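Just dropping this structure here.
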């Protein structure tokens, strides 16, 4: 492991980042071609929270959160702390003291491939965190890792400066170079979904709205009037 | 896979279904002989929701939600969408647009052996969903499946028209032919539990109330006054 | 399995137990040298609840909750029911009737290596429960187990009379003989954390506050001004 | 749970069953339209074994193997014992004594949704077993279940008399009424695969052999000469 | 964590230990009342190996195998290295170099709550290892732990000097003070099983041999001649 | 998803690749600074196999192996097929027909983030495969993916042309640009380990050989003569 802390990173445009946050995770994920979503095991610890920010990345040894302290002092307003480990660890790497520190730096949240703790305090502070577990298990400060290098988190590669969008659905990453394009695509998708929602309310059917009714039949779907008298014997 | 959509299904009596919903999952499961409960991995995505309805079943390829669109237009008021896949998939098969569509059809909820998404919107809309995961991961519309055929969901066989009862405890299935009997048994159980609750409040003990005190001793339980000075050395 | 129910146990001092409950799980775990935390799979079923009490332990066969009835009548005010099984079981061992019974005995909560059910009722009653799962699956009363013997729960050995502290972070155990010392250490830690929080709010940095800045460099951390033009090509 | 043991079952033709066994799990699964495969967690405990037989089904309480004794005495030559539980259990339900008993009855193997034990003896005896786990954990004989009723095993519904085909790939079920047709389809598939294997050895390419080359381009695949100088910076 | 290495431990009688090893895991587990078995996730890395020895215990930080080096030099002939961690870690804590070192000390095997590596070398050397995973992931030597203190491994408390019996079924622990009694009980069980095996070969049925036929009927089992024409419609 | 198949890739030197294969996974992983190891869930399907080759990468939809056919015809002698999916899938993407095809192209093995099947045939052919599961479940050919783009497999980013080293310990990736350096470091490590093995055989102790004895004491390890009379009361 390269023991390095990179002090500065490139970021996407702040207005674009904020706008992506408003679009939400599912929309942004679809808008960039159904890519970039972290695994569903990375869950929202603070229900209802929704953020977007630039990734400050941290690579730690399992059970060792030392590098988070190094990383947080390099955060700038609007950043999100993103933490990976060299091998799987569910310990409580992040709690209310570090949340306080991130807040002082202007950071907007944390995404952890590990556990988080002090979860009630975080909920009360409204400090949003996404993690693989909630665990009181404490960590040591013995092994040096790295800050602002590419890491693995939630089954994805995270590059420092990636736009992190997170809400109750989970977390999606947008490469900063694509942020503006993905925002445009997200807005288009929102418009399309809004139109679809309206059409549905007016009695429209999604197969017609999506133009998929004929393709269904071409691919072999057959309708049967039914009902069928399915047997119900079961254990 | 049989590429078929059965247009109509048989349903249990609507009043019986509603009444089962009021009994709750744990009671109904006990009342039909401790059977029919889905695996605990199928969790409530909208805490506090409690429903009952007739199962409209959908069988999909993993990562492909096309058949949901076919199924929803066959739903009738009071139905529940129940989704299985030919092999395990945690992707986000169901979100707010489809929830809108189900609502338009008069459907009352969705149970998915997959992931759900737009979970915050679903919570705000009060649209109840039970699923194996919450995931923003989008799906394709490439492979034709089936609607209203028997499927596996939550480790159980689901027959179209099964009564689906779901709340914070999870999901239980009642064969429509048994619905009225299970409702009777549920009401008896509720009365029995109410009596037990009252007896407990008055100082009753459950072993006496259940008539299990003697059987305990017959089976070999021995009481020891204690206390025992257990050692406390531990890692 | 030794078929025995020990009627009485030794307990820690009641005031100490209450005070530990106020300190919270993460603090107590740290204060006793980062030990005693149950596995993160043992989750809070009633968000926001926080308790401490003396462990009344129960050892059951999988899928069989008979011994809980024996244990609860041996509970005293301030006790916590702690349930283990001879092999893994996620069934719903504990629900609202037993919660009523525990409450009548003055008990303050339940921690289960199994599933819990009637979870909405428990939330409404404000009866706190921690469990490995939520499941409606019912249990039988066929196999005699033991009460107030050492058991495994949440990956930990639990001795009857252990102080159980539980909140949204999970569950930690304190040997009753250590309770007073761990409370002192917890209070010291709270003071230290409060001071740290204040220092952070005033612009302090955690590496300085913890005296870890130099050790970082000794262990080989190197700072690089950056930024680095990381490539963004990804799937 | 219906406490019943059905003494006799309908079976598929013996020659057809044997022939299905020779086709192998993957082929049979494909031949019946990619259906009937148990979950991959059901693993072969005796590598290299390959069997087919008629399912004698057993439904047990978790941690209780009593019904296996009832079921085995109802087995006939060529049968396979298939075991499910009312809720998940990984205990060692089946070992060398029961294997001896199955062998005496002429049975050809066992498939368990639970654990198996005495695995070295089973390997030495050449008695084939498929199970969710290998575990020494013993079971009790307290709760009555059922024999030769539909059960869940490996995530599938198993009907008594289903043809069970099992090898190193896992387990697949064929409804006895379909056995002859599935055998025909399996033989066709084997011929087709053999032809394909030969064509490949002669330099054929699978996209041509399957007629899928044009469809690829229609669906949008684009070839790029490359190479691309992918960055290699990684954690 | 108490940073201590206890140099000497008490052991059970060497002949008793060897004899327990010959009885095998499943038998010993049954003989001591179905207790002491580690979780089934602790698997044999070297198929066919079967050992028994005295536990030299090691407590490590996750991802840190330093204490193994301390422990092995305290091993004596006939000992087994048993490794736990303060929180879950699947890294490769143990490989061929340490196996060499254990062998030099006269040790007979290793049981790890973590991963093992160099698994092919271990198979070739015939050095038996049981572990939660096989993983090449290396570990650090930064955090001091403890040797010969009680630890958790495989979901069980392990006391230094416990008799560890391990084979293809997994691992079981016998308190050294019980070793002779458990051996006697194991021999009785072997005799009983041998008699049962013989009786089965002669046509005996296990329900008769175990005297459980009447109890079945008392508990409500009902026989039905069958066959039943179960429906076969399935997805 | 970018629907593209890159026809050519850059590779490391063939002799270097072969030599890395001889070093083995654990050594190579250590030699490149304990990085690049896939998750332990990626297991060897053919015990004893050990390979190294250049990664031909494939990105598929879940349950859809179409792109493997595109990828294999682009393989060159010495290549390894490495397969990822856009979301988790354990289906049997790879079996004996494709193994035949890879062999015809001169490929040396396959690493799959999915399931493999026909595992007995693969073992007989000696065709090495590493996968997350073994499953007969078949796949479709409906969705176009990509070939020779960066993918995720086994929790790691894989770049086309990466050197893949795989054996019974699992899989490790070496960026092709680092291959020669990592080979040098691997050879140094092998020499060092050989020296250590010799020293151990001559009675050396690893703490001395690694120079870690003093650091242990500095970090607070304390020796205690023992023995301690640990209590043995346990469930």
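Should a chain be cited, it is by its letter among A, B, C, D, E and F, assigned in written order, with residues numbered from 1 in that chain.
Throughout what follows, a contact is a pair of C-beta atoms (placed from the backbone, for glycine too) under 8 Å apart; a residue touches a chain by one contact, two chains touch by 3 or more.
Everything quoted here is computed from the prediction, not taken from an experiment.
K.L.:
Same or different, please, for the subunit A to subunit B contact, judged on whether over half of the interface numbers appear on both copies.
P.N.:
Homomeric contact, different residues on each side for the most part.
K.L.:
Select, from B-D and A-E, the pair of chains that is joined by more C-beta pairs in contact.
P.N.:
Spelling it out, more C-beta pairs touch across A-E than across the other pair.
K.L.:
Please work out the Cα centroid separation of subunit D and subunit F, and write it as a whole number of Å.
P.N.:
28
K.L.:
How many angstrom lie between the centres of subunit B and subunit E, each centre taken as the mean Cα position?
P.N.:
38
K.L.:
Using the touch rule from the top of the page, what residues of subunit F touch 2 or more other chains?
P.N.:
1, 34-35, 86, 88, 90, 135, 137, 143, 150, 152, 157, 228, 230-231, 233-235
K.L.:
Give every residue of subunit A touching subunit E within the complex, in rising order.
P.N.:
61-64, 86-91, 135, 137, 140, 142-143, 228, 230-231, 233
K.L.:
If you look only at subunit D, which of its residues touch subunit B in the complex?
P.N.:
Where subunit D meets subunit B, its residues are 1-2, 33-35, 39, 86, 88, 152, 155-157.
K.L.:
Enumerate the contact residues on subunit C facing subunit B in the complex.
P.N.:
Residues 3-10, 35, 66, 69-70, 72-73, 90, 92, 95-98, 100-101, 104, 115, 117-120, 123, 133-138, 141, 143-144, 148, 150, 157, 159-161, 175-178 of subunit C touch subunit B in their complex.
K.L.:
In their complex, what parts of subunit C are in touch with subunit A?
P.N.:
Listed in rising order, the residues of subunit C that touch subunit A are 24-26, 29-30, 34, 37, 40, 43, 48, 50, 167-170, 172, 193, 196-197, 200-201, 203, 205-207, 210, 212, 216, 219-232, 234-235.
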